[in-house]
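Paired with subunit B in one complex and with subunit C in the other, subunit A is shared by the two complexes that follow.
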Partner chain A sequence: MSQESSHQRPDFGRETALRGPFVFFFVAALVWLLAASALGLIAALKLWMPSFLNCEWLTYGRVTVVQKNLFIYGWATNALLAVNLWLLSRLTSFEFRNGWIAVFGGLVWNATLIYGVQQIFAGFLNGFSLLEMPREVGPVLAIAFLLAGFWPVVAFARRPSGHTFAAQWYVVGASFLFPIFYLIAQLLVLWCPASGVVQALVASWFVQNLLQLWLAASALGIAYYFIPKVLERPLAGYYLATVGFWTFFLFAGWTAPATLLGSPIPVWIQSVGVVAMVMSIVPIIITAINFHGTFAQNGGWANAWNSTSLRWVALGTISFTFVGLLRAIFYTRGYSAIIRFTEFYQGLDHLLVYGFVTMVIFGAAYFILPRVTGALWPSVKLIHVHFWSVTLALIVSTLVSLYGGYQTGLDLSKGAPQMIGGGKAHVLTAAAFLLGHAAFALNALGLIFRGLTSAENRQHD
Partner chain B sequence: MNDRHRQPDRQRSEGTSDGRLVEIHAQIAREKEEPREGFSLTPIFIVFLFCGFGFWAGLYLTRNSGDFSASAFDLDVPKASASAGPAVFEPDAAKGEKLFVANCAACHQATGLGMPGAFPPLAGSPWVAGTDERMIKIILVGLAGEVEVKGAKFNGNMPNIGAGLKDAQIAHIATYVRSAWGNQGEPVMDTKVAEVRKALAGHGQFSPQEILKAHPLEAK
Partner chain C sequence: MKNLNLFLIGLFAAVAFPFGALIVSSQVQLGALGRAPAEEGGPLFPPREPGLAIQGRAVYLQLGCVACHTQQVRPAGMGSDIARGWGARPSVARDYVLQSQVLIGDHRFGPDLANVGARLTEAQLHEHLRAPSSVVAGSAMPAYEYLYQPKANGWAPTDRAVALVAYLKSLRQDYASPEAKLKQ
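Now for the complex of A and B:
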């Protein structure tokens, strides 16, 4: 143990300052992850056996909505707040002294989330995807985010050297933009609703921004950091990263109308959405060159596979490239006409939010948690259980959603609608996700507990 | 203490240090402009590829944006209304007046009163009232012979003025004539003109007897 702490000595001060906020956000994220996975299993069971858990609070509509909100605002956002803070403090040598402000913001965020979720269960929900929580939640969440999640921007603004790195750009961009588009969406959708179709347009714009400019952008920052860091080599084609960054942020906000193809919004707005969706291939190609090009050199794939953390990041980047190409193809008019009312697009969103963002967060957690807490992972078996159950569940659920959705679309366009298939498969994958997440949470909580007790011991020494 | 377990990340070194990570990549970003040995073709290929995407985007937007109109909601509708534009014909007496002045007023006069003894009047004439076919036919192929209009006899020779005019123009003229100078006839549609023109293919000038047999003057 003494050898380890001397090994960590250079970073020790910074890491201990970060320990409180990081552990707080990560434990909150874990709790929400377990809650969301349990609700995911309930929702899948209800789709299969509608009379399961037959009470008003647990109707399918409310359960899926709460599950989605908890997964994104509870799990992914809490975890990204923790990882973004850690990443930017490391990259800018930022002395984070105001941990209590972040923790206070985190407390407000999670308390508000509990209130919002309880309101949804009670039936007070809005009809806009990911804005379902009652509107009084919006401003509070925005302020809580500013307290908890704006620190990467502060760290970036106060960086000592002029050099910057792609990981910083994405994390700073994401942390900077989230409060802005969240507040705009709250204002134009819930508080002073824009008239007519503009409201629906803003709501879909918000969803795309949330998925891409907050979740995916943060995860891109994490990937840009861990790949060269763990492989100990510079990124391939790094000079392209600037173009990738700007095109990603430019086109992501414009993609929303493509999700509304065929609805009564002016046709030029729909076309702009399709163009943005297709042009998003530019950052996809560049990040693919940066990530996969680096993995392809000198046995990088094998190294990534053998690293507990980089394995997740590598899988996540593959998902990102894949989902980017699929979005560019299947959000065009011809395909949209076939699959717009099926689970195909849910499958794509799932591949982005889970296959990319969540996988990358897992990778970051396996790297950061031992370093922040100074403890080791209690069980290697649980790591394997986590990896395999989650990876297989991701592959199967994505294939079922994409293939099943496409088949349903073909049936619908032939005028022969059928019962949506894949119900049993979704129950199995939801159970596998829950199993993997339980293994991860058990392992991580054990590690955090160990770290905290050993830290106390160290203080006594 | 945990040596029994495999902990790949912990046993390996920290990885590249963070300061070095930023430094190396900043260097790569700076050095991109310098020509190097073994210059890779990738950048130029990517530039062309992205230009191709941009070209496609412009093309797609031009073709599928409904002229950026706020009222075009569907790709098929603006095309249909564009091709159906002339089909939605509005008989327009104002356009008819201009065409009348240019094509007819030399004989029938802008007042519609004609020239006594030479050209019959149109104002209050039963020939332009009632059915529109009579009038369209005369404009299209002309009329030669002795006719009686409002008690006066005219022995004229009206050429096939309408042969050089479009259906819509003839419809405008007829609409104007039937609504001006106190005349009270129904407007004339271009489809009607097209129909009549088709039926008259190869027909020469009418004689008064022939046209009156087909379309007797309606009593007021």
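Now for the complex of A and C:
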């Protein structure tokens, strides 16, 4: 594994303006990543041993909710905000002079998150996935996002040349849409709740938008940028990327009802969801051609494997293709009747949010951090620990969730009692994730510290 | 993609169309649902929740029971919910019209609770909350001991436990609804 940065001195200039905001968002993301992984381990231990840390504020129902919210809004969102800022400075010649606005937005975002989490621990939580934080949090987070995350849209509007890239479309699309569907969901679930089960429909629409149009779309932008960049060759079948982009965005919002098969919502709506899930195969195939087709040429896979950053992105894109196919197959009536409410679908979500989005972010971080800080990774050993522990944990936890969930579903349909505890496997994988993340955080913080101190030295020279 | 306005309008449409077609249309279709009698001239269902049950719903939320329990019975072709006795009929949208916060849930570690009020007595519910493993050996449900106080010969429920159990007792969809008759 070679460190790209070791033989090529990081370039300064435009990137120095980015250093502050990038480092701010990335450090915040790391802190939340560690917190979420520690809570993930606690939650897994609790499922395995319900008496573990059994007090009210650490009750399972709160720990697991905080863990999920921190992972999505703390880790993934902060990290994507950081990477998106960097990408936009690379893709457009946008001069980012207003870094303080982004940092201010980031401060508000993270302070609000702390408040929301503290409220959940105190027992003020709502009942819909990823909308659990108390309702006063929503509007503040939306404004904070506009300050911190709207820059890709601004840069896109001000770009001098007409040419645009696939990476840009995804990043602009994701940044533009997040505040819209986030606010609508807050409004219709928490502020003026829609009637009865329509709330469940809104909540599922929100979750699918969040997973696909914010998290996955941003990560697709990163993949579209890094693969041709690091391999130094054009993407295979790039002319298809426009179709891939529009089909991805146009189908995503319709897929939500497929996650509610059998719920008391109109049956035609459920069917629309299933059709959309199946049609989502189109962008999956196109992105697969673009990504895997490129890796398959002239030893691209080997090059990716030998690159500290691209190996993460390559694994991430494999997860993306895989999860897209599995979603199209298993969000259909016959399968849903068996596996709905088991850990199967959680396994699929994890494969998307971790196997794709998080892996791609790690890859981007290994590329960008040395360049914006001007320092090298302190420890190659820690890079290995990070890679192997999270990759193995991801593979094992995905297999356990998919296979275990399916088996449970079959047993339940044969009349087994509904009583599911957490397996030991999830405790072990949660521990492995925590270990890998600690290694990564240690290495990244060391690198940032080195970069900042040497930057000061340079100024004094 | 070169024209920013067109690009953003396209993106917006990607979010707005499904929103309008799926959510606005079901709000129109279901928003007007009200309570209905199970038989001509009979009382209206779903019944109004007693005040204590409304407090209990808050406790249910606070303790995060939604993470492990659903409140929805799927129709016979969609899973074994009815076969295993979780309800006499599938849940229908009308069952939820009085709830300002719908807790139908999306994950099951434990059984569905849509009809738990018809299934278990108050005493059984208290016992289950205080010490699940005394009811089901090796239960994966955490014990909510802090809702109970020791007393001379056993345990006394706190106000929150009383409210929570009143809420659980109010959970029952065992009346006929115009959309779903009870099986004879």
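Basically, the second predicted complex is superposed on the first by the 445 of 461 C-alpha atoms of A that agree within 3 Å, B and C clash if a C-alpha of one lies under 4 Å from a C-alpha of the other, contacts with A are read in each partner's own complex, and residues count from 1 in each chain.
Everything below uses one rule, namely that a residue touches a chain if its C-beta (ideal position, glycine included) is under 8 Å from a C-beta of that chain, and two chains touch if they have at least 3 such contacts.
Just so you know, these numbers come straight off a predicted model, no measurement behind them.
Visitor: Subunit B versus subunit C on the shared subunit A, clash or fit?
Guide: Partners fit side by side after overlay.
Visitor: Is A:Phe362 in contact with subunit B, with subunit C, with both, or with neither (first, second, both, neither)?
Guide: Once the two structures are laid over each other on A, A:Phe362 reaches no partner at all.
Visitor: So, A:Phe24: does it touch subunit B (first), subunit C (second), both, or neither?
Guide: neither
Visitor: With the two structures laid over each other on chain A, which partner does A:Pro266 touch: subunit B (first), subunit C (second), both, or neither?
Guide: A:Pro266: touches subunit B and subunit C.
Visitor: Identify the partner contact of A:Leu213: answer first if only subunit B is touched, second if only subunit C is, both if each is, neither if none is.
Guide: The answer is second: A:Leu213 touches subunit C but not subunit B.
Visitor: Quick one: classify A:Phe341 as touching subunit B (first), subunit C (second), both or neither.
Guide: So A:Phe341 only meets subunit C here.
Visitor: Who does A:Trp169 touch here: subunit B (first), subunit C (second), both, or neither?
Guide: Only subunit C; A:Trp169 stays clear of subunit B.
Visitor: After lining up the shared chain so the two structures overlap, which partner does A:Val65 touch, if you call subunit B first and subunit C second: first, second, both or neither?
Guide: Second partner only, subunit C.
Visitor: Is the number of subunit A residues in contact higher for subunit B or for subunit C?
Guide: C
Visitor: Could you look at A:Trp377 and tell me whether it touches subunit B, subunit C, both or neither (first, second, both, neither)?
Guide: Touch partner of A:Trp377: subunit B, not subunit C.
Visitor: Thinking of the overlay built on chain A, is A:Arg333 touched by subunit B (first), by subunit C (second), by both, or by neither?
Guide: both
Visitor: Minimum Cα separation, subunit B versus subunit C, post-superposition (Å)?
Guide: 6
Visitor: Which parts of subunit A are in contact with subunit B and also with subunit C?
Guide: Comparing the two interfaces on subunit A, one with subunit B and one with subunit C, the shared residues are 164, 242, 264-266, 272, 333.
Visitor: Give the list of subunit A residues in touch with subunit B in this complex.
Guide: My answer: residues 1, 90-91, 93, 161, 163-166, 168, 225, 228-230, 232, 234-235, 237-242, 264-268, 271-272, 274-275, 278-279, 281-282, 285-286, 289, 306-309, 333, 366-367, 370, 376-377, 379-380.
Visitor: Once bound in the complex, which stretches of subunit C touch subunit A?
Guide: Going through subunit C, the ones touching subunit A are 1-2, 4, 7-8, 10-15, 17-19, 21-23, 25-27, 29-31, 33, 61-68, 70, 72, 74-75, 77-80, 83-84, 90-97, 99-112, 132-133, 136, 138-146.
Visitor: Using the touch definition from the top, list the residues of subunit A that touch subunit C in their complex.
Guide: Touching subunit C: residues 46-47, 50-51, 54-56, 59-62, 64-65, 123-127, 129, 153, 156-157, 162, 164, 169, 172-173, 176-177, 180-181, 184, 188, 193-202, 204-205, 209, 213, 242, 246, 249-250, 252-254, 256-257, 259, 261-266, 269, 272, 276, 333, 336-338, 340-343, 346, 412-413, 415, 418-422 of subunit A.
Visitor: Residue numbers of subunit B touching subunit A in their complex, please.
Guide: On the subunit B side, the touching residues are 1-2, 5-10, 12, 15-16, 18-19, 21-26, 28-29, 32, 42-43, 46, 49-50, 53-54, 56-57, 60-61, 64-75, 78.
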